[in-house]
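As written, the chain order gives the labels A, B and C, with residue 1 at the start of each chain.
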Amino acid sequence: MAFIPHTEADVAAMLAAIGADSIEQLFEEIPRELRIRSLDGIPEALNEMQVGRLMSARAQRDGLRLNFIGAGAYEHHIPSAVWAITTRGEFYSAYTPYQAEASQGTLQLIYEFQTMIAGLTGMQVANASMYDGASACAEAALMAVRANRKSHAARILVPGTLHPHYRRVMQATAANQGLKFEELPVAEGLTPLSALQSFEGQDVTALLIPQPNFFGQLEAVDALTDWAHAHNALAIAVVNPTALAILKPPGEWGADGADIAVGEGQPLGVPLSSGGPYFGFMTTRLDFVRQMPGRIVGRTLDAAGRAGFTLTLQAREQHIRRAKATSNICTNQGLLMTAATIYLSLLGPQGLARTAASAHARTRELVATLTRLPGVRAAFPGPYFHEAVLQFDRPVAPLLRALAARGIAGGLDLSPYYPQLGHALLVCATETKTAEDIAQYGAALAEAMAAARAA
Amino acid sequence: MSNVPADLKYTRSHEWIRTLADGTLEIGVTDHAQDALGDLVFVEVPEAGRTVKAGEACAVVESVKAASDVYAPVAGEVLAGNAQLAAQPDLVNSQPYGAGWLWRLKPAAGALAGVELLGAADYQKVLEAEAH
Amino acid sequence: MPQQEKVIFEYSTPGRGAEDQWPQDPGEAALADLPAQLRRAHPPQLPEVGELEAVRHFTRLSQLNFSIDTHFYPLGSCTMKYNPKACNQYAMLPQFLARHPLAPESSGQGFLECMHELQEMLKEVTGMRGVALSPMAGAHGEFAGVAMIRAYHRSRGDAARNEIIVPEAAHGTNPATATMCGCLVREIPVDAQGDVDLAALKAAVGPKTAGIMLTNPSTLGVFERHIAEVARIVHEAGGLLYYDGANLNAILGKVRPGDMGFDVIHMNLHKTFSTPHGGGGPGAGAVGVGERLLPFLPVPVVGRDGGGYRWLDESDLPQTIGRLSCFMGNAGVLLRAYIYMRLLGREGMRRVGEFATLNANYLLRRLTEAGFDAAYPQRRASHEFILTLKRQARDLNVTAMDFAKRLLDYGFHAPTTYFPLLVPECLLIEPTETESRETLDAFVTAMSQILKEASEEPGRVTSAPHTMPVRRLDDVRAARQLDLTWKPTAPS
C-alpha cells in the first residue's frame, strides 16, 4: 500500500540504525496536541483493479459523440506517436532540468520547441511554456510594462474581441500590480481603428491584438500594430498556432512586427481533457529577452568543447532574483510542450498548413449548412478562420440542450458574454469532422428548431 | 585581497565614485563586488538624461548565479551610461575601476553635502568586517 | 547512456513528412476567402521528417535524461516519489480526454464527481474549510493564496496591510509571489536551531502586516516547533498565515496545517500526491482556506446541487479573487492526484508521512556515520535533511557541486545543491517513502566512495561528470553568446 517497499525487517533494522524505538518517535518534535490520529474523511484504499473499475465507470458517464465547440480549445487529430513518446518515464517522471548533464534530452527538446514556436510566430526568441494561453496573456501584459521604457502609465488596451476568460485572467493576475486594463469596443465582430482615437496623445503601454479573435474573425493586424508603434505602445499578439501555418505571423505584422506574441498551445497535440493541462507559449524580440518570464534554454559548449544545452538567463527567475524576479513562475507545462514538439515534427510545415486549411474548410461547410436553415444567419460579414458566430431568431440555450440530447455539443452560447449580440452561437469544426458529421448537426438543429417553433 | 584605490570614494553597498575634473562623477562597482558576483554576462546602465535620487537603483549587473542592483550614491542627472558594456560586460570584471565604469552623473546642487561617502581606508574596514 | 543526438532540424529533408498524420488536402480554394494581406508568405521553419525518424529522435532524446523511472532522484524539496502507472492510464481514458471544457456539465458528471471528491479529500488531509483546484502549479497556488489574503484585508477596509513576512530560508517563489500581489517583502531570520526567530517576528509584525508565508517542515528540513506561538503572534497583529505546501509529504496523515493555525495553504499535487513532474510540469497547486477566506476562493470550484455537480463561478462567489486559468486548471493532473489518493486511502496516506520520515532519518544517520556533517545535527530530520560540505570544501577543495556532479557518474541524480542559501556548501536530500532500504544503502556507498576519491584523487571529482552525454557546461558562454533557436548556419 502507498507504494512503500519496506518489509517489517527493514523497518526494524532502520529504526535500530537511527536509534529510535518506533516510527512515532521520529515525530517527537511536533507538539503532541497538534497531531492527529486518523483521517476519517478519507475512504479506505482501493487496489489498482478496483480503481480501474471505478474510473472506467465514471468515464463512461461522460462525453458527447460530436463536438462543435472551439472557443479557446480545439479538437484536432493527435498522432499516436505523440503521447506514446511523451509518456515515456524518462520525460514523464523527470524534474525541471536543473542538473543539465543528466537532463540533455529535456533541454534539447525545449531548444527545438523554442525554435519551432519562434518560427511559427516569426519572432526571435521563445520561452519553454507558460501555464496556458490566458496566463501567458497576463504575463505578456506585465512584461510589456517592464519592457516599454517610454511608458509610465502601466495601461493596457484590451479589445472586446479577446476571449472573455482571458480578460478575466489578466484582471485577476495583474491588477494587484497596478496595471490598468481598458476595454476597446467591438464593431461587426472586430476592433475598429476608430476605437483607438480616444487614446491619441495619451500614454499607452501596450495594445493586445488577437488573431483570429474570439469570434474567429480576422483583425486588421497590420494597421493595429502600426497604431501601437506610432503611439509608443508595444503590440502584443494573441494567436492560434494552427492558424499560423497559413496566416501572417506576428513578427511580420505592420512595418516593424509585433513585440510579444503569446497564445494557447493546446491545438498542437494536446487533448481537450475538460480544460487542461494545456500550455501557453510566449515569444518576443531578442532585445526584450531579459524581460521575459519563464524558463529559457540555450546551447553552449561543455568542458570538452562539445555542444550541449542548459537553462540560461536564470538571473531573471525567482530562485535567484526573489522579490525582483520577472515572475514567480517555476514549474510550467513541460510535458505538454514535449507533446507539442513531437506533434509539430510529425506535421511539419505542410501537414500543419493542411490541418489549418482543412479545419477552415470544414467550418465553412458547417456555416453554409447551418445558415441554410430558416432563422439562422452568419453574424458578421468579414473573413474568419475555423470558427464563426451564428445568429438565431430564438434563444440558443434550449437548442443546445436539444442537441446535447442527441449527442452533439453544438457550440458556445454567447449570450452570457455578449448580450448585445442577441441569440448568438460560436461554432467550430476542425479536420476531425466529416461531411456526414456536419450533415448530422444540420439535421439535428433543423429538428430542434422545428420543435422549438412548434412549442 | 581586493584592490581598493586610494583616490576614490566608496559606499557600503560596494559602489565606487570618482570625481572628474569638471566636477561630474563617474560610478562603478568595486573589485570586491565584481569578484563576489563572478563572470558578468549582462550589464544594464541608465540612459542619459535620467534624473536619479540618492539610493535609487540605477543599473543592474548580472552573472549566471546572481543579479544585483547598483544604486546611485548621490542624486543628480545621468550624463552617460557606459555603452561598451552592452557588448563587453566582462570589462567590469577585468577593469572595475577603469573601462568597466557604469555611468557618469552630474550631481544635483548640494547633493554631495548630504551623503556620507567612505574613503579607501574606511571601505577597507567594511570589507574586513564583512569577511568575519 | 547514449551520447549525443542531432537537433531535429538537421534530419530535415524538403518534401518529406509523416503524411499518414495529415488530413486530405482541401486545395487552395478552401482558403480563397482569406484576404491575401493576412496570409503567410513563407512556410514556417518546422522540421520535415518521416514518422520513424521523429520517433527515433525523440526516443533517443528521452534516453539522455535521468528520471524517477530510471534513477534514484533524491532532489530535496521536490518529492520525487514513484508516479504510479495506474494514475496515468486511468486519467487518460478516452472519454476524459475527449471532453471539451465548455461542453455541458451534464456531459461531465463522472469527471466532476472525481473533482468534488478530490476537493473533499484535500480539505480532510489539510484541515481546511474550502478547496479550489484551478491553480496550475505551486507558484500559481501561492499567488492565489496571497491574493486572497489581500482581498480579505481590503474587504475589511484594511487596505494598508501590504507587508508579507518571509523567513530568510524561504523558497524564492515566496518573495516573488508577494511582489506579484503588489506586496512588500520583510525577511526575518531563523535561529541556530532552524526555528523562526520569535523576537524578530514580534518586531516585524504590526498594522502593515498582511501575513506570513511559512513552509513547515521548513526548507531547512526541520519542523517549526514554535508554530503555535508564531500563529498567535501573527494573528494578534491582524495578519494571516500562509502555508507553503512544498513539504506537505513530511506530515501527511500526522499533523494538518489547518490545526497548526494556518489560514490558507497551497498544495503541490505534483509532489505530495505523486502526479508526474514532466520535466518541468504540468503541476497543480490546489489551494485550501479556512473560514475567513472562503468567499475569496478562485473560480471555478466544483459544487454539488441536489444529485448533480456543477461549476461555481463569479455569480456564486461574488468576492472571488477571480479566474486564474482559461478553463478550470490542469484537469488531467487533478485526475491523477485523485486516483493516487484513492489508491492510498486513509491508511496509506498516514504511511506516506511516516515512511518518508523514516527514510530521511535513516539516510541522514548512515551518511553522518560515513563522515558527512548534518547542518542541524541536534534535530530530527523531517522528510528531508541538509548536509553541509563546508569542511570538505575547506580541507579537500571539493565542493558540494562537485559531489553532486560525481553522483551522476554513480547513477544517482544529484540532491538539491546550494539551497537553502543560508547553509554553506549544502546538499538538500529527500529520499521519499517509495525508495527501498537497498537503494538508500547504495546511495550511502556512492557518497562514501566519492568522499574517498575527494581525498585521494580530487581531480576525478572536481572534473565530474565523466559518463554523461556532456561534461560540465559553460553557463557563462550560454548567457553571453545567446543561442536560443537553431539556425541553418549555426556551428554544430
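Assume contacts are C-beta pairs under 8 Å (C-beta built on N, C-alpha and C of every residue); 3 or more make two chains touch, one makes a residue touch a chain.
Since this is a predicted model, take the numbers as computed values, not measurements.
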| item | value |
| --- | --- |
| Comparison of A-B and B-C by number of C-beta pairs in contact, larger one | A-B |
| Most distant chain from chain C, judged by the mean position of its C-alpha atoms | B |
| Distance between the centres, which are taken as Cα means, of chain C and chain A, whole angstrom | 20 |
| Gap in Å, rounded to a whole number, between the CA centres of chain B and chain A | 44 |
| Centre-to-centre distance between chain C and chain B (centres being mean Cα positions), rounded to whole Å | 38 |
| Sequence positions of chain C contacting 2 or more other chains | 475, 478-479 |
| Multi-partner residues of chain B (at least 2 other chains) | 41-42, 62-64 |
| In chain A, residues with contacts to at least two other chains | 312, 320-321, 324 |
| Complex interface listing, chain C residues touching chain B | 475-476, 478-480 |
| Residue numbers on chain B that touch chain C, as the complex places them | 39, 41-42, 62-64, 89-90 |
| Sites on chain B touched by chain A in the complex | 41-42, 44, 47, 62-67, 69 |
| For the chain A and chain B complex, residues of the former touching the latter | 149, 290, 312, 314-316, 320-321, 324 |
